[in-house]
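Each remark here refers to the structure printed beneath this line.
Naming follows writing order (A, B and C), and every chain is counted from residue 1.
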Amino acid sequence: MDRLDELESKSIYIIREAYAQCRKLALLWSIGKDSSTLLWLARKAFLGQLPFPVLHIDTGRKFRAMIEFRDARAREFGLRLIVARNDEALAGAEPGKPLAGGGKLDCCTALKTQALQQAIARHGLKALLLGIRRDEHGIRAKERYFSPRDENFQWNYKNQPPELWDQYRSRSEEGSHMRIHPLLHWSELDIWRYVRRENIPTVPLYFARNGKRYRSIGCECCCAPIDSAADTLDAVIRELETTTTSERAGRAQDKENAYTMQKLRALGYM
Amino acid sequence: MGAVRQKPGVLVIGLDGLPFTLARQLIAGGYAPALARLAAEGRLQQMDSVVPTVSAVAWTSFLTGVQPGKHGLYGFVFRNPAGYDIEVCSTRVIRRKLLPELVSDAGRTAFSMNVPVTSPPRPVNGIMIGCFLSPDLEKAAWPAEEAAYLRSVGYRIDTDAALARRSTAGMLEDVRRTTERRVTAALHYLAARPWDYFHVHIMETDRLNHFLLGRALAGGGFAADFFDCCRYIDGQVARLLDAVAEDTPLLVVSDHGFEPIRQEAQLGRWLVERGWTVLGGGPVRSPLDFDPSRTRAYALIPGRIYVNLRGREPGGIVAPEEYEAVREAVTRDLLDLRDAAAGAPVIRRVLRREEFLWPAGRLGPCPDMPLRDRLFGDPVYALAPDLVAEPCPGYDLKMGLAKQALFEKTELEGMHTRDDAMLLVRGMAAPAGRASILDCAPMILGRLGIAAADMDGGAEGAA
Amino acid sequence: MASALPFVIVGHVDHGKSTLIGRLLYDTKSLSKDKMAEVEAMSADLGRDTELAFVLDSLEEERSQNITIETTQVFFKSGGRQYVIIDAPGHVEFIKNMITGASQAEAAVVIVAAEEGIEEQTRRHSYVLGLLDIRQIAVVINKMDKAGYGEARFRELAAGMEEFLASIGRKADAVIPISAREGDNVARPSDRMPWYAGPTLLEQLARFRTAERDRGAGLRFPVQDVYKVGEKRVLAGRVERGTVHVGQDLVFMPGRGRAKVKSIEIFLQDAPQKAEEGRSVGLTLDKPLFVERGHVAFAAGEEHAPAGEVRARIFWMSREPFRPGEPLMLRCATQSAAVKAVRIDRRIHSATLEVLQENARSLGENEVGEVVITTQSPVVVEPLGAGGELGRFVLTRRDDVVAGGIVWWATKDSNLGPAD
């Protein structure tokens, strides 16, 4: 088993644990690369037939390519797709822009968080699978595989139940839900490598067009692309392998570098 | 019985570092009959290179059609952004697609051999053989299987530069053999299938100029050897020409010119003397082995100056508010540098990065960006030098952090010039006015009928 | 691509663990450029010089209090190999989080500050390493810069640590004098301690091995769930040990049901013939058998009797002490069994290893108990030395984990006879 196999197996284990402990489960799918990988792993866990629905929070501002992609995959994978929207908030809103009258956080709260709360209540969901990774953001690094949220979706990081070995706790108080994060131990590069290995369909926005690509996708009005020539999966992986500026890997590469340095020195370029 | 002539869409022959003025001399002196023929059929003109003027940067601009500020390769070496380690450039730092990739994307076939910087090679609809920076054949070839063929014909990635320092005769023999084998391999590939874009790069002219130019211009024994070798290389170019149809659109192009070195000037040492770079004590193991906690500016070859900027360099100490003042002060010190023995200034001018990354006029004025974005924005921009010093004729700018003296003469005899590169065009619309190396990619793509998006060169108003 | 080596850094919070982690990331160039810029911007806000340790303290209040609260996983690369640091905080208050962090590690670095010396937290955490069966241990004596890089103090502390480790049946692979702040002996050999000729911390980490999988070992397949996929009844689970083959004879404990493996189900793979250790798969059997979550499949002939009594060592993690008779569950792999009784033979202080009481009635937070647990229904466990998930368990009180345990020995359940 190589590294990707290990990551995969652990994630499948966690997904199955989540379902074993809580049947009223749903998978939160943002159509991005991480949750699409999560969806793929869930399909593997349940041998092709998800016994629970997939939930997409539609803010009305997602890239059109994402919506088309979503519907195509839902058909292809036979998913039970629930699309949640905060129709009330969207009613008076200007299309293509964040909601007026507040900051970005308020817009996210109204269009995303509230829509999610409504969906959980409407479908009686007790637990959600999310594609969050530890290496994404400082605070995420503190997340657990099984993380309880209370009524206000607050997360009390101080009082986290310990996760010992593979004993994942999932039951929670009435009126709140449990969040499960089977991808915590995956890095961004792991995700892309896995996408490549498995040929997981991904939204083309991640690949460069006209010198730009999106590193993460969400609402079109708040997402900015980065400069990049990487227009294929291989190119993106290559770019990530080198731009994360980690130490040069391996003695073999050090030797090569030394050789080339010598050459440049002899040529007077050093 | 004549061999079948191939018909590539565009043929490009690179002659590294061949000055326009020298090319004319060679033609006039009868040392380059193939070039002479081409010059008569097409048009030979002088061409400007980019800043900093060094092959890795210039050819990358040739291949991408953009200024270094957009492709991200600023020299043969660069500072690994996470620390103060020095690294050798590669395709990994180039943020744009290269000509053979653009051709491939349009569904056409592309062949590229030995063009800087194409190591490690990138996948194309065809074959890419990496440049002289490849450590071995297996890592040089894409697809990797081609390494077997190359090995079987004794293909050489590069001449031996250390040999060149030791023995001129050895170097000359090495240059001939390497060029001959390279062209043999190129001819093999040329005949293997139809090509839309076929590019062979001959590096050896650059080596000749680096190690022999001084003596060549001074006349005497080695001058004859120099010109003989040029004639030999012209003969290799002829082999390529004889293998293609007579009306094949083509480019013979160089990336910069050459002039004799008077002295090598150690800018790294100068910055130490003026207190900008502070050494840590102990042996200096690399050009970036200074004490970052006390260094405000440091140098990389050729003539690149970087401010040790807080928030960009990991150990940076200069605050963004002091950035401009530091640049101004370093500029004054650079212009102060004199070759006392000769009583001559060493630096002709110092360019600020925004001036040469977006020079006014041809490419429009520098975009008015807030300082923060200019310094910390895009990683491509973040590796760009803050200043570039252009030398007076004869002064080759080096680093020399560990050197004890400011000036030195070594076995190197030739240094690069920016305004004397050579462009020979046949069967294509050559630039009407002054040519720039940035014009080449749009010209080639135009000839192939492929749209060139977002490039810096090309005729004004052309697609 | 090889798997990463996960390791934990344990010890007292003020002995410089966060700085050490920051130093490791910095020296292996694993900090991205913008993270560095972010760190410096954050430090400027707080009026402090850049402290590498700030990288890991992303929660606001931690930064102003200078304490790490939670467990963090941080990746870095060195010498072509990937590492995962599981940072474990040292405050007594958060020990249960520490144990959680430590539980995924395959090696440990114990940090001791030269001036402060070996404190209670140091010992307690080292004890937990023993509890969690972590055998690859490096001890670093930190802040050598404050101790004048003196050899005498180092030797004194090295001896103290070696003695403590020996008393819990462990041994340090290396004891290294370092300064995380200055960088001595972390990635770069120090030239300020010529009396030390051993490895740097990075060199020692490179010597640690990732857990190896033993494909020849006996099969252990705990059933996680049972799915109906089309007409098939599929047992879902992870091969915890050994390899499972199509056609293999299996025995499911504790019920002793027997069947052959009819097929191995892996999505998008056609009829795989085997599945090796670590893989999450599905199994179908050649005859209908009552199997449910919690059952464990063994290769026929290798099964051992289920246990009615488990002799174990447990680390109590809840603020509320153990009360005899309170309802607890024992959870091991996918099994869940109600606890009938817990007999505490010895109650031990985890830092001093002092036996506080024999035949105790209660166990308090951070105390270790040598216990005998009787369960209402039989459980399938093994001594930890045999390897694998069946040697570790947790005790839960209303779904909160209150203790972690290691199986010492399992006693046969005399009330059970063969099922068929």
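By our rule, a residue touches a chain if its C-beta (ideal position, glycine included) is under 8 Å from a C-beta of that chain, and two chains touch if they have at least 3 such contacts.
Predicted model only: the values in this text are computed from it and were never measured.
Visitor: Which chain is in the middle, if each chain's centre is the mean of its C-alpha atoms?
Guide: Central chain: A.
Visitor: Counting C-beta pairs in contact, which two chains come out on top?
Guide: The chain pair with the largest number of C-beta contacts is A-C.
Visitor: In whole angstrom, how far does the Cα centroid of chain B sit from the Cα centroid of chain C?
Guide: Chain centroid spacing, chain B to chain C, equals 54 Å.
Visitor: Could you put a whole-Å number on the gap between the CA centroids of chain A and chain C?
Guide: Centre separation, chain A to chain C: 27 Å.
Visitor: Taking the mean of the C-alpha atoms as each chain's centre, how many Å separate chain A from chain B?
Guide: 42
Visitor: Any chance you could list the residues of chain C touching two or more other chains?
Guide: 29-30, 32-33
Visitor: Please set out, as single numbers or ranges, the residues of chain A touching at least two other chains.
Guide: In chain A, 245-247 touch at least two other chains.
Visitor: Among all residues of chain B, which ones touch two or more of the remaining chains?
Guide: 80-82, 379, in rising order.
Visitor: Taking the complex as given, what residues does chain C use to touch chain B?
Guide: 26, 29-33, 36-37, 40-41
Visitor: Within the complex, which stretch of chain B touches chain A?
Guide: 54, 76-77, 80-82, 86-88, 92-97, 123, 132-133, 135, 139, 158, 161-162, 164-165, 207, 210, 264, 287, 301, 378-380, 396, 398-399, 410, 412, 453-454
Visitor: Please output the residues of chain B touching chain C within their complex, sorted ascending.
Guide: Touch list, chain B to chain C: 80-83, 85, 310-312, 314, 376, 379, 382.
Visitor: Touching chain B in the complex: which residues of chain A?
Guide: Chain A residues touching chain B: 210-211, 226-229, 231, 234, 238, 242-243, 245-248, 256-257, 259-264, 266-270.
Visitor: Where on chain C is chain A touching in the complex?
Guide: 1-4, 28-30, 32-33, 56, 58-59, 69-80, 82, 84, 96-97, 99-100, 103, 213, 224-225, 227, 229, 234, 236-238, 265-268, 276-280, 282, 293, 317, 331, 333-334, 389, 392-394, 396, 399-401, 404
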